[in-house]
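These are the structures in question, set out in turn.
Same chain, two partners: chain A is paired with chain B first, then with chain C.
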Partner chain A sequence: MSGQTLTPLQTTASVERRPRTGERRFDVFQVIPYIIFFVLLISVVLLNPRLLRLSVLETKLNAAFPLLCVTFAQSLIILTGGIDLSIGGILSIATAIAATQMTGDPGSIIFWTLAILAAGALAGAINGLIVTKMRVTPFIATLATWSIWSGIALFILPKEGGVMPAVLKTIVQKGGILGLPKSLYLVVLLALAWQFLKRTRFVTRLYAIGSNRKNAHLSGTPIHATLIMAYALSGLLASLGGIYRTIQYSTGSPTAGDPFILTSAAAVIMGGMSLAGGRGSIGASLIGAFILLLINDLNYFLGVSTFFTPMVQGVLLILAVAIQSLGNYLRQRRLAL
Partner chain B sequence: MTAVLNIVRRNPTVIMAYLLAFLMVVAVSILRPGFGSPTHLRSLLIEAAVIGIVALGQTVVIISGGIDLSIPWVLNSTAVLMTVLTLGQNERMIWAIPVVLLAAATVGAINGLAIAYLQITPVIMTLAVNGILLGVMAGVASGGLNIGYERGAPPPIILGLARNPILGLPAVIWIWLSLIAAITIGLARSGWGRYTYAIGNNNVAATYAGVNVKVMQVLTYIISATMSGVAGIILAGKFGRAYLGMGDPFQFGSVAAVVVGGASILGGSGNYIGTVAGALILTVLTALLPIFKLPAAAQNIVYGLVVLGTVYLAGLSRAKESY
Partner chain C sequence: MADLELKHAKKRFGAVVALDDATLQCNRGEVHGLVGQNGAGKSTLVKILAGVVAADAGEITLDGRPLNVRNPAAAIAAGIGMVFQELSLIPDLTVAANVFYGRERANGLGISPRGLQRDAAALFDRLGIQDLDPAAEVRDLPLAQRQLCEIAKVLARDPAVIILDEATSALGARDAEWLIETARRLARSGKVIIYISHNLRDVQNISDRLTVFRNGQDVGVRAAGEATADELVALILGRRASRLFPPRTEPIGHEVVLAGAHLAGGARLHDFSLSLHQGEILGIGGLTGQGQDELFRGLYGMLRLRGEVQAHGKPVQLSNPRVALGAGIRLALVPEDRASQGLVLALPVLHNLSLSVLPRLLKLGLVSSRDELRMSDELIARLAIRLNSRLAPANSLSGGNQQKVVLGRLLATEPAILMLYDSTRGVDVGTKAEIFQLLRELTAKGSAVLFYSTDVDELVNMSDRVLVMRQGRSEAELAGADLTEENVIRASLGEPVKRAGAPITTGQTALVAEGGVQ
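Entry: the complex of A and B
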């Protein structure tokens, strides 16, 4: 676990140091997501002050939560320099199981929630095993498993349908605690989970693998175990998002996860995370997800048809990546000078 | 011909892929007599031709070290645009087909320019462009702007491509065969082909060797988008109409055909002869499912397993590090 075996130039990637907190210079490109977020938030609220009402906030956050889960999941993998296309399939499996199996009975709810989360983690772990033990590149591995998981979801629930016990909606999504919507607590919980996780050795290792896999290996990071763990966690979060989405819609869909593949990657990139891995923050990714959602709201108020949503997201995604690549260019030039 | 022989000699995986496709057809023909009938085989070939033409572009892009995920909606947009512009009349084809293919090529050029000059990762750029086209098509067709998408229809000549035989084979097959010949010779024999492999292997080395990497990259995405356009036109003719969502199966299908055909997703290896085998295998697999009374869901699972299996067994698209 020592960085001393490395040449001095390479030590930034070692496990001992934290690339996020150490030696950070103020970088304007890191605050861009937050600026965009606040500008959007203010303009949306100005356009529609009703948004400040707790009931509206509750609905908005309920709709946001699945994307936040999936974005968190995607960030974990992109941090390591990979990409997880299969989270769409895992989310679909979760909704398929939830909509077909769960009944209003408390025992059934607890059992199936745990079973779905376990299935998600298992599917993720299988992704991880394929990426590490079979050494298939993440893109192809998760493209193939996306197809497999989607097939399984279609087996469980051949077409849109199934019912989700209404009692769950009351428990999880409706009403508030201490005057604030329940969904707000969930979102804060997710953000806190990142604040906790980023201090763990596990996440430090993810950064190490993403920034330089060989150095991470040489300094003793258990690469395979860390990656399998990351993919499993990613699967678990995707299935959590799936359960929540099913509760929200009260019904299931075997293709529910597919739109999340592009949106999760878009959110991560909006948050400024580098696709090459090793740089960025999951907190910022979650802000990226909110940016996408606020833009949808903005479109709505401006009277743009929701059918155009993928177009707007695509344009923004390209802009975000272009800005990022400008940032990289400037950073490299600064280093070169 | 020697070009083909050389490719076969250097690529045992490709021969395996063809053997597999052939054996599957023979085995099933024995089990289910109708399967091997000339009419059924012909319809299978037409299916394979569409995947094959789409995957042609994907092959070139993957050899050059990129990936094109914008194929489904480039294909779909082209098909819709073609039916809307021709309105089912042969006379309008003379200008409509070039316009439509030029539009597809323009999308490819946008992909390529952004990837080459703005250094945007291919996965993200092409996925975003796919989303943009999806949004435009869905918005325009369903958002109240009447572009006459319902009134559009493929002209009789396009309808005939997959139906009327020329010298015993449907025109689609002849188109495919000529594309196979052109691209195989192009990749194996021309400077363009060598440059494409070179930038896929190591684009820094290629730059030092004097290859204009950026122009080459733009070119590969133009080829890919144009091929999606050709496939879109053929598919609209085959279905007799264009509809939203017709391109979606090709997102996975095009990559799968290339990967099963023995190209590495990391770039610099593979060839179109292999992809043709990949397209044939995927088509035969799809045709097998109803015979074994498997639902459509099984197709996704089988496709995924076949891709993983070939990648693993052939040792392709795999990381070099053992840690």
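Entry: the complex of A and C
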């Protein structure tokens, strides 16, 4: 063996000294979701300043949190170039278990919370196994498991009902800390979780798999293990969203998760993530979820019929994707053959 | 016993035997060259070493210990590093993230992108890599820099065995030289370097020993200094080589089919003029990145050019590739990167061949399968495309055969002007000879060829005339006795060329005098 080692060491070598050969121009298209978000936020607040009151903000963020969890979950999978339709079913299972099993006893709360999160992770891991070991494309695999998970949710809780211990609502959702609603801290926690996750080898591998799966394999990525992990994490986040939603409504529904499936995908797209995988940021996906919610609010305050809300969302979605496509087109035109 | 051995390797892909009892023995301290045609098995052999392909039989030992390389991760862990011909980079990650992929240094806050970039810059400094920006995203880099990044990625792991598969093919002269020196230095420090290239002279210059492969077997090991090129070519082909560069048979026509005046565009093309005659092969030379890329994309309608372009004597606006391919101009481009630019990889060869001429195959609004089959079979025969079945997907073919499919698809359009942008990169000697023969046949029928190649030998021998580009301008025009490798390289570097005969004021007038243009 040679004594020479090429392992990187801490040095003072400067990056700035090296030539800037790549395209490192500030990409205006990346901040578009944030711009849309702030414009909508300011419009909504101007239309209704009451929104800044603690109690209103609290309600809004409580309602938003499950979607944020599911959007986070969906983004993890879309990053790899897949899609997770089963998160709706997983969220429904979580709701069904929570509403039927949990009592106000602290032991029960802790046990069932962990059990539900574990069930979500397990369901997700099964998705991952089907996608990797059985080589079923994510769309079909999770479409099928969505049916299966929904069936299980219906088995546990055949119709809307069940009770969620009220004490949880008091602990988690009501009131504030330091003058800010508790749910705001949870949202910030979710954003911080992404800030940490994106600096991990795990998420780098998710980007790599989405960007070029073959090359990720050639570079030594354990593709199957990474994907199973991603689906498990997705399931865990979906069940967390399920628990939160049950606390918020104080009762369960076996179909609670279904509206989240396409809304989460829409939020991810609104946030600028590529459905082909490899590009985008989960932080922006969360902003995308907020954009969808703010559109609802804006329509409400403007007195637009709720029938039109999905239409407005649809139009904005197309615009968001069109702007991104334009960005990619311009970028490619600037670059080499 | 050699330090690295792969013994009695066998591998079949369906009906195709890729390796038939092949053996490779290399030692620490040597650069070991592998030569052979595409399909000779050398690629499969090194892919077995790199854990990409599972051998049907055979065993690997490194320093006497048996190695089990089930997958690329295991090969990397075992100290085998491979620079892949088609590269193994993640396009959406930065250069730094690619270089340290899977081995990122993390602190309590995870991986720091800035930290990675600093580490990469330090690594590049130590390795002597210059033009590579650690913060750039790989997808935005030109091929030459991507290849440099691929090499850095492998060297960063400090593997005991380094496999270089066509690793210099996209590099400019300076970076290629750097790689060769680095390979030698690493060999001296006790590593095994395996070097694969279709450029025989390169392999001979770099390697200490060579193993020649033919039809899935090792057919000879030679000390690089002792073997002559003729001997090696004979071993590679299994017969005496026919001439790689076929001579011109018909004179160049008088009509200018494509003319450009003061063309400029993109970041690197500043002021370039050319005139391409019927039946002519006009070579474009120069170091990489001197505006050749912009010129070719511009003429193909993929990049807006300033200046005037005339095709077949009429001014034209090349606003997009459809115009270029259209009836009035009939200009076709064979791109550099066949995998991403020239082929629909998952589609059968048959449909790849007919893709550009579907309207011609229509009967009652539907594509006629019979006509499509007949046309494809003609092209497969004419280009000698080697394949199991015309229904095989394009990505199941070897690199050289894929390039032939691209060429076939374009030939089906019967182009008047064919542009080749470094299309013979990574193509084996035998296929190259066939492609060159084809170019001669095309020009004999009156087509004109605009030919860019990073291989100076090819450029000089195939072109009737060469325009050497430097800094987005024409540095020199070389033809006849002046058209030598030395002159092309001198002009590339901005040195005055050595004229053979009487001083020629400009190449344009020289040509007028010779050919009596217009």
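One rule holds for everything that comes next: the second predicted complex is superposed on the first by the 308 of 337 C-alpha atoms of A that agree within 3 Å, B and C clash if a C-alpha of one lies under 4 Å from a C-alpha of the other, contacts with A are read in each partner's own complex, and residues count from 1 in each chain.
Convention: a residue touches a chain if its C-beta (ideal position, glycine included) is under 8 Å from a C-beta of that chain, and two chains touch if they have at least 3 such contacts.
Just so we're clear, the structure is a prediction, and the values are computed from it rather than from any experiment.
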Which of chain B and chain C A:F196 touches, first, second, both or neither: second
First (chain B), second (chain C), both or neither touched by A:N215: second
Which superposed partner A:A265 touches (first chain B, second chain C, both, neither): first
Which superposed partner A:R279 touches (first chain B, second chain C, both, neither): second
Residues of chain A that lie at the interface with chain B and also at the interface with chain C: 217
Chain C contact footprint on chain A (complex, rising order): 1-2, 4-9, 11, 13-15, 17-24, 196-201, 204-205, 207-208, 210-212, 215-222, 278-279, 331, 333, 335-337
Complex contact set, residues of chain B against chain A: 67, 114, 118-121, 123-125, 127-136, 138-139, 142-144, 252, 255, 259, 265-266, 295-305, 307-308, 311-312, 317-319, 321-323
Touch list for chain C against partner chain A, complex: 50, 52, 71-73, 76-77, 84, 87-93, 95, 97, 100-102, 104-106, 109-114, 117-127, 130-137, 140-143, 145, 153, 155-158, 160, 189-191, 293, 296-297, 302-303, 335-336, 341, 421
Chain B partner contacts - residues on chain A that touch it in the complex: 83, 130, 134-137, 139-141, 143-148, 150-155, 158, 213-214, 217, 223-224, 262, 265-266, 269, 275, 305, 307-315, 317-318, 321-322, 325, 328-329
